[in-house]
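Take a look at these structures.
Heads up, the next two complexes both have subunit A, just with different partners, subunit B and then subunit C.
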Partner chain A sequence: MNWTGRRLPRTEDPALLRGEGAFTADLAAGARAVRFLRSPYAAGRILSISAPDLPHGALLVTGADLEGVGPIRPELFRFNYRAISQPVLPRERVHFVGQPMAAVVAATPEEAEDIAEAVLLEIEPEDPVVTIDDALRPGALTLHPEAPGNLVVDGVIRHPGCEAAFARADCIVELTLRSGRQNATPMEARAGLAAYDRATGRIRLTASCQMPHMLRTGIATLLGMAEADLQVVAPDVGGGFGQKMALFPEYPLLVWLARRHRGSFCWVEDRNENLIASAHSREQRHHLRAAFAADGTLLGLEADILANTGAFSCYPTTCGVEPLMALAEYPGPYRLPTYAARARALATNTCPAAPYRGVSRPVVTFGLERLMDRAAAALGMDPVALRRRNLVTDFPHVTPTGLTLDQASYVEALDRAVAAADLPAFRARQEAARREGRYLGLGLAVFNERTGYGTPAFAARGMGIVPGYEVVDIAMTPAGEVEVRIGASPHGQGLRTTLAQLAADRLGLEPSQIRVIHGDTDRTPYGWGSFASRGAVIAGGATQLAADKLAARLRRAAARLLQAEPEAIALRDGAAWAGEASIPLTEVARRVHQRSEQLSDLDGFNLAETAQYDPGGTFSNACHIAEVEVDAETGHVRVHRFLVVEDAGRLLNPLIADGQVHGGVAQGIANALLEEVLYAADGNPLTGSLADYLPPSAAEIPPIEIIHLETESPETLTGAKGLGEGGAIGAPAAIANAISDALSPFGVDIAELPATPARIRALIRNAR
Partner chain B sequence: MKCPPFDYHAPRSQAEALALLARHGEEGKILAGGQSLVPTMAFRLARPASLIDINRIAELDTCRAEANRLRIGALARHARFERPVVPGPTGALLARAAEHIAHAPIRTRGTFCGSLAHADPASEWCCIALALGAEMRVLREGGERLVPAADWFQAVFTTALGPDELLAEASLPILGPDWRCGFAEFNRRAGDFALAMAVTALRLDVAGHVAEARIALGGVAGTPVLAREAAASLLGAPPTPDRLRAAAALAAEGFEPTEDAQVPADYRRDLVRAMTRRALEGSLAA
Partner chain C sequence: MSKTPIRLTVNGLPHEVAVEPRRTLADALRDDCGLTGTHLGCEHGVCGACTVLLDGEAVRACLHFAIQADGHAIRTVEGLAAPDGSLNPLQRAFWENHGLQCGFCTPGFLMLATWMLEQPGPVDEARLRHVLSSNLCRCTGYQNILTAVRTAAQELGKWREGATPA
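Coming up: the complex of A and B.
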């Protein structure tokens, strides 16, 4: 008993560490290579696409070949969403640099690239819309006739009391902040391999994706094919972070090729394609106003949220995902009496936006936590005390946007973090350093993270496709091992390990006796995937339910065999026990399957069960503290210390939880300091290689200290809350606050991320 | 990101390599460590028809002190310099800079001479070559010439090297104990090309006055540049902190910076000021 909660090493790791993982590109032997020709223009009319003489066996596919293939057109039925269409390959116009315009097929990737270079694209360029300001400018190019003014989403929430709150405020803090555009940069870029099976006429698409079942539905719909004739497999997937959730045009095209040409076709994305043409995120501008009473009580908040969501709307979440998450979750962990906000998604001639670890919450937390520090300064209050005054302490708490915050530890997490950071000692070090012309700073970020939410939360967004539940099929083999088939599709989260721990405890087995099967639409029940910090909560809850049902069957069978009552049977150490008497579960399994004449009147001929779970959601919470040193001459920021107090409820596997926090914090630090997708005014990407787009190396990431609190959630079956995104959510705000603290002698205030050295220098120079 | 087609030659001797160069001219390219050439080909920014791989030519794999100069053959890899290859300031300076070149795996392949031939504006070796006055020994079928560093760097990625020529060796002066060498560079991530770097070399006379001074800047213009005025301002007096600071300020104003979306010109000048001062101070602190 009690495998759950142990720091069990991941069963996934040995193969990966030995280089024996199987990623999509590893499986491509024998397939023909596909190269996409991508638009060199941000906006323009396609006049012609023509190939010189193609070598024997090579193919060129353009939009004109795709008669009858539908566009990608996700729906949202709220917030003034305008459904816009993304063609698999365009026939008339191109909408961003990197948009696939045609596909070349050849024997090898090298040859395909040679041929692609020789294809002639005739495009009449148009003046593109690149920035938020471009999109808002009257008379700007309209990307989609369905979305006049390039406005794709326009959500508004306005509480009647908001104006009054501002009228009676003692202090109003105002802030405009900017979040740069990012690319999730998974270590493995996208890849797909579509193979035609001559015997059955079915297609198997192996793809580096996060949501295989959704991909299957989406592709079958676009191509008008039977969903049953398509199998989607997610093999080992080298990271996703949200970027691999979406239905991209490249995948339906591969399936189309496999069907049309009855063969195998593989596309392995290169880094340049991934950086310019996969999915971007987080390019947002927020204007915030907050009203405070003299004692620091937050009275009201106004937010104007603008998101540059690129040329198209990602399927299935739609481009509403960023602005609408900001709209709904701006109040964060604070008591907020009144709230007024507007959130807009603007279409531009840039790579489409999709969710990325944390989605809008890194930006929201940056906004809210800068506001708190600014308000503390304006009111002459201690920033910790100001936060403590406003954090929610009574649960459940309903936010002004109607979200219910379940039991959490907002104040405790803050207090633990502040104690661990030893603020007085830090202030002394800071003083001493300043006398030597060195600038140390400490910043904190308190936040909550909405996790593990099922269909109700997605339905409330008005999504045309409502994800959320998970289904788990469980079965014991005649030899006594257990197979757990999950609709979710982990790709680095370690679910094979944690779900085995959960099931092992319910069944009295060891995790090594449990096989978790995932990432294959032929072998798993319909489900959604791994995203939105949901795996442990939802797939975990469904696994627990399924395991309980299986355990009940085992108890009934064992009771018959031990001549006891089912209620008296305990499962432990691989056996069923009735007092001192026991029978190995392997024996129970064998009897159920092979001596069914003794037992089948109880539950039939097998040990198979299924369970579904669709929770309403739960909020984990955390406090991050960053200690930085800013080199005032170069603007360089070094993170000396990073402390996380994380409360994700009951920890199923603390080792994996720590890993999730580490990875998230590293991405958050990169968000704060390094990574930014840049475009020239003509819509050409300037960050097309990892020499220009800068993910962190180990040298830029400090050791990360983690303290876990465990406020178990009554809202989830396992007691666990999600934590996959938290690291990325809090770190940018903590770093921005730390830099602002370090540079307070200059009056520098960080309102734009990433805080690059050049920007920091410009702030210092202008402050002087 | 796959290379375009090319022919591949692997000569066993210098003479064979020179013959191949003569035959292929503009169409041929030397492949040394491949750490710049291969990525450039993968991006299809370079598309040589023929590669002449010099890695099997044992006579090029040298690095030795001779007549007060350090002679660095075409196959001496970056990693070789991580520990001083000669005693004194020259070896120490090379070791100081080596750790800033890319990452360990790249340093085991990339070559000193390859960096000089490639002439990336932010190459540490190029900046040092200019600061210390390197001399390049260039061979071509039936000919040989020596090119001083001052004439070597012509523009971004452009040197005095002809299409049929091999950079067989570069040499650096082995400086005596009266020299103080400094190095400082700024980059956003460990191992990245620098946004600015300074290499400084001061010779102090017995009175502790600066008798000779050389300051080179890298990563800030199309080629490494000498900060002559800044260097001259230090001559004939002790290198006091104020004088170092003033020299750094002169260095920051004395060049035409390259600009891009991430690095505006005034920021580049800020960095040069900081790096020059730090290099100078560091060289005297030891």
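Coming up: the complex of A and C.
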């Protein structure tokens, strides 16, 4: 029975559907409540923090209490990175509205909030740096003395021949684009519960996080405690999308409280805190120049990338993650002979930036695909033909930034999407609608998505903490069930199901006989987590390797028991077979464990194996097509149709794969139309509720059509490429191009996202 | 702050608890009744993760004070499955159609859809989208939630074919 590739409903679901999930806040009974006091100023000097008489049992913790607790200070050894520090609680200065300044502990969350309201914060405000332009202004406030001019990262790539390419170009297209700031907005905000175990002196931190092992290492280091005395558990986690990768100051503070006061302490973030003080992303400005020959051949690209990365550098990726991802991946799926680019991260008095689904590639794709449409117009070419002329067709292909593109289907995906969209029919509808004063538009976005990359890719970025590999421990119990312990930590991606499908096929079992165990540093091998579209590729590859090792052990044992050669043994239907003869795997397992005198000379005792996997990476690809209607009076955009042709290699569970695409596309549509974190000039956030920051509802998301291509990757063990982020990467560009197409009668196009009604109205007004 | 004794009937069972007047129904269900299946996503009435049925009406449990529910009947996600844990048709449709990923918003969507399917008259595509746009989900892009509720409505004889999804 082949389980891999089937649309298998997830084993995760029944408990969640019965309301029996265990999210961090669900486990808080008996813990004391923690409330963080957050800075009301974007920049300022702390004069004092004081509280009137605290009720019995309540605590106020400030930076002065945290003697010996180190700052959060991730490292990057390249790209002129300036290592800046974030104190767990600051003593001298505050750097953004929402920064935790102190913590109040009380018996209940209500009491803690009452006390927090009575705490007096004396702060001498300073003139903050809020925008990219603020940060670049000479004489602006310097946030960190280590980073003069607020420049934290300054990466430069200059490929020889770039100037010459522009000198001989027939057509040069320029574009400045802006991407608004966003919040990943997982439905479960952050939460942590630190509990002291009196018997062992250990602390268990249960946290809504994506990287439990990294969190453990990071916190133990900051607090100077034995890592072995800290257990980190990621229970059910209500979405992350990158935001929950980071080591936030709230978590070490909880562990500090549990150690110091030998008790249980729980913090459950509210939505306002999450919106203003967790992590933001995507606030970038790119200036692009592209050189084309008259026949549409792309000759060269220049990019100046500026990212507003907020007040601190997120751990472990650093604030370089956004600008450097853009720097490395701008060539996208196109043949680019020469490339010159500079990418800078700027510190400002705003919430720190962290990865969010797609990391910069939504902005990069927005840039490249707007460039393609603008170039097509300038050259008088069909935009599809222009893309087809420049897409990479021969693999492997090495980009000017040194990335190797493995086998993919860039042109085929484009052609399939264009055919499915039926462009001639659309153009006829568009023409008819325009005669009625209605503005329809169609936009496409072609892109590739670097996925499933291991240590080499992160090391190349020069990170002080290099993630990448995954380790899987596998064991068969004496009763014949299989336990798969993974270092990765899924939170909605369904790895418990997908990995069970992979292991079941290698072992001749059913997925229901496989238990995948994750999210607990006491019970899983050291590993990294679920992010960067890597789970199916890396945890999947390691699971497959581990299962193969276990299968080999089972074959050798069964061969002895069946008096056959190991090579002649097949594992299927829960048994080991030698021709017609068979023995149930439950019996093999029992004999190995309980009659080891018969078998231990083969492979020793028990049935446990471990495997690790650290691939170099692969590239998924896709073409997105959006059809929109723009109301020229109100600026409102309605998405009528959204089509995805996705190639993520071999699909391990198409039900789950489709779900990943759906969710990514919805976030991408919201990125294009709705969601933007806004700050006032004084650094006060203006989008502190879900009535101001606008994740989409079912009313805004159209039906999403998906066509899968399956170009199996030679670079991954499972043949799968990752697809967690792709939906979010392509959709903003496709929507921007569709709106631009719709507005072409006005001679305007979209260079800033989100394309809100106000922005669209302004574009049309200024064109008139 | 002083506490007020109240009596809630939750999923058919009586709960006598004492709450501060400011305590929300959501907090009372979670912390006083121990029913943590009702989740809090925003605590300001936008996301709908805390949706429960109060005397048969779908409400935001974060926007009701517990004392407002004194003497009333409440249904939560914990009451949907059979006592042996087997899923009801709506829950099963969510499972089979991958209508959830992280599962955090799911209890709210289940209760919202339960309310919709218990109203008199059939459900069509427009009403499905209109009602389900009350709640937020961040993982699924709504596609499979809509499919799941549509499937359950069909199975329960509540579905009316109308215009194609738009």
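As a convention for this text, the second predicted complex is superposed on the first by the 768 of 768 C-alpha atoms of A that agree within 3 Å, B and C clash if a C-alpha of one lies under 4 Å from a C-alpha of the other, contacts with A are read in each partner's own complex, and residues count from 1 in each chain.
The rule we apply is simple: a residue touches a chain if its C-beta (ideal position, glycine included) is under 8 Å from a C-beta of that chain, and two chains touch if they have at least 3 such contacts.
These figures come from a predicted structure and were not determined experimentally.
Participant: Could you say whether A:Glu117 touches subunit B, subunit C, both of them, or neither, answering first, second, both or neither?
Facilitator: first
Participant: Figure out whether A:Ala691 sits in contact with subunit B (first) or subunit C (second), or with both, or with neither.
Facilitator: both
Participant: Using the superposition on chain A described above, determine whether A:Leu678 touches subunit B (first), subunit C (second), both, or neither.
Facilitator: In the superposition, A:Leu678 touches subunit B alone.
Participant: Go through the superposed model and pick first if A:Pro584 touches only subunit B, second if only subunit C, both, or neither.
Facilitator: In the superposition, A:Pro584 touches no partner, neither subunit B nor subunit C.
Participant: Examine A:Pro40 and indicate which partner it touches, taking first as subunit B and second as subunit C; both and neither are also allowed.
Facilitator: neither
Participant: Determine, under the contact definition given at the top, whether A:Glu633 touches first (subunit B), second (subunit C), both, or neither.
Facilitator: After superposing on A, A:Glu633 lies in contact with subunit B but is clear of subunit C.
Participant: Taking the superposition as given, does A:Gln493 touch the first partner, subunit B, the second, subunit C, both, or neither?
Facilitator: In the superposition, A:Gln493 contacts subunit C only.
Participant: Scan A:Pro566 for contacts with subunit B and subunit C and give back first, second, both or neither.
Facilitator: After superposing on A, A:Pro566 lies clear of both subunit B and subunit C.
Participant: Is A:Arg10 contacted by the first partner subunit B, the second partner subunit C, both or neither?
Facilitator: A:Arg10 contacts subunit C only, not subunit B.
Participant: Looking at subunit A, which partner touches more of its residues: subunit C or subunit B?
Facilitator: Greater contact footprint in residues on subunit A: C.
Participant: Subunit A residues touched by both subunit B and subunit C?
Facilitator: Touching subunit B in the first complex and subunit C in the second, residues 110, 270-271, 689, 691, 697, 699-700 of subunit A appear in both lists.
Participant: For the complex, give me every residue of subunit C touching subunit A.
Facilitator: Contact set of subunit C toward subunit A: 1, 20, 22-23, 30-31, 34-44, 46-47, 49, 76-78, 80-81, 85, 87, 91, 94-96, 98, 100-107, 110, 129-130, 132-146, 165-166.
Participant: Can you name the residues of subunit A that touch subunit C in the complex?
Facilitator: 9-10, 12-14, 16-21, 23, 25-26, 29, 110, 185-189, 236-239, 241, 270-271, 491-494, 640, 655-656, 658-659, 662-667, 689-691, 695, 697-704, 727
Participant: Which bits of subunit A are touching subunit B when the two form their complex?
Facilitator: Residues 109-110, 113-114, 117, 270-272, 631, 633-636, 674, 678, 680, 686, 689, 691-692, 694, 696-697, 699-700, 756-758, 761-762, 765 of subunit A touch subunit B in their complex.
Participant: Using the touch definition from the top, list the residues of subunit B that touch subunit A in their complex.
Facilitator: Checking each residue of subunit B against subunit A gives 1-5, 43-44, 186, 188-193, 260-264, 266-267, 270-271, 273-274.
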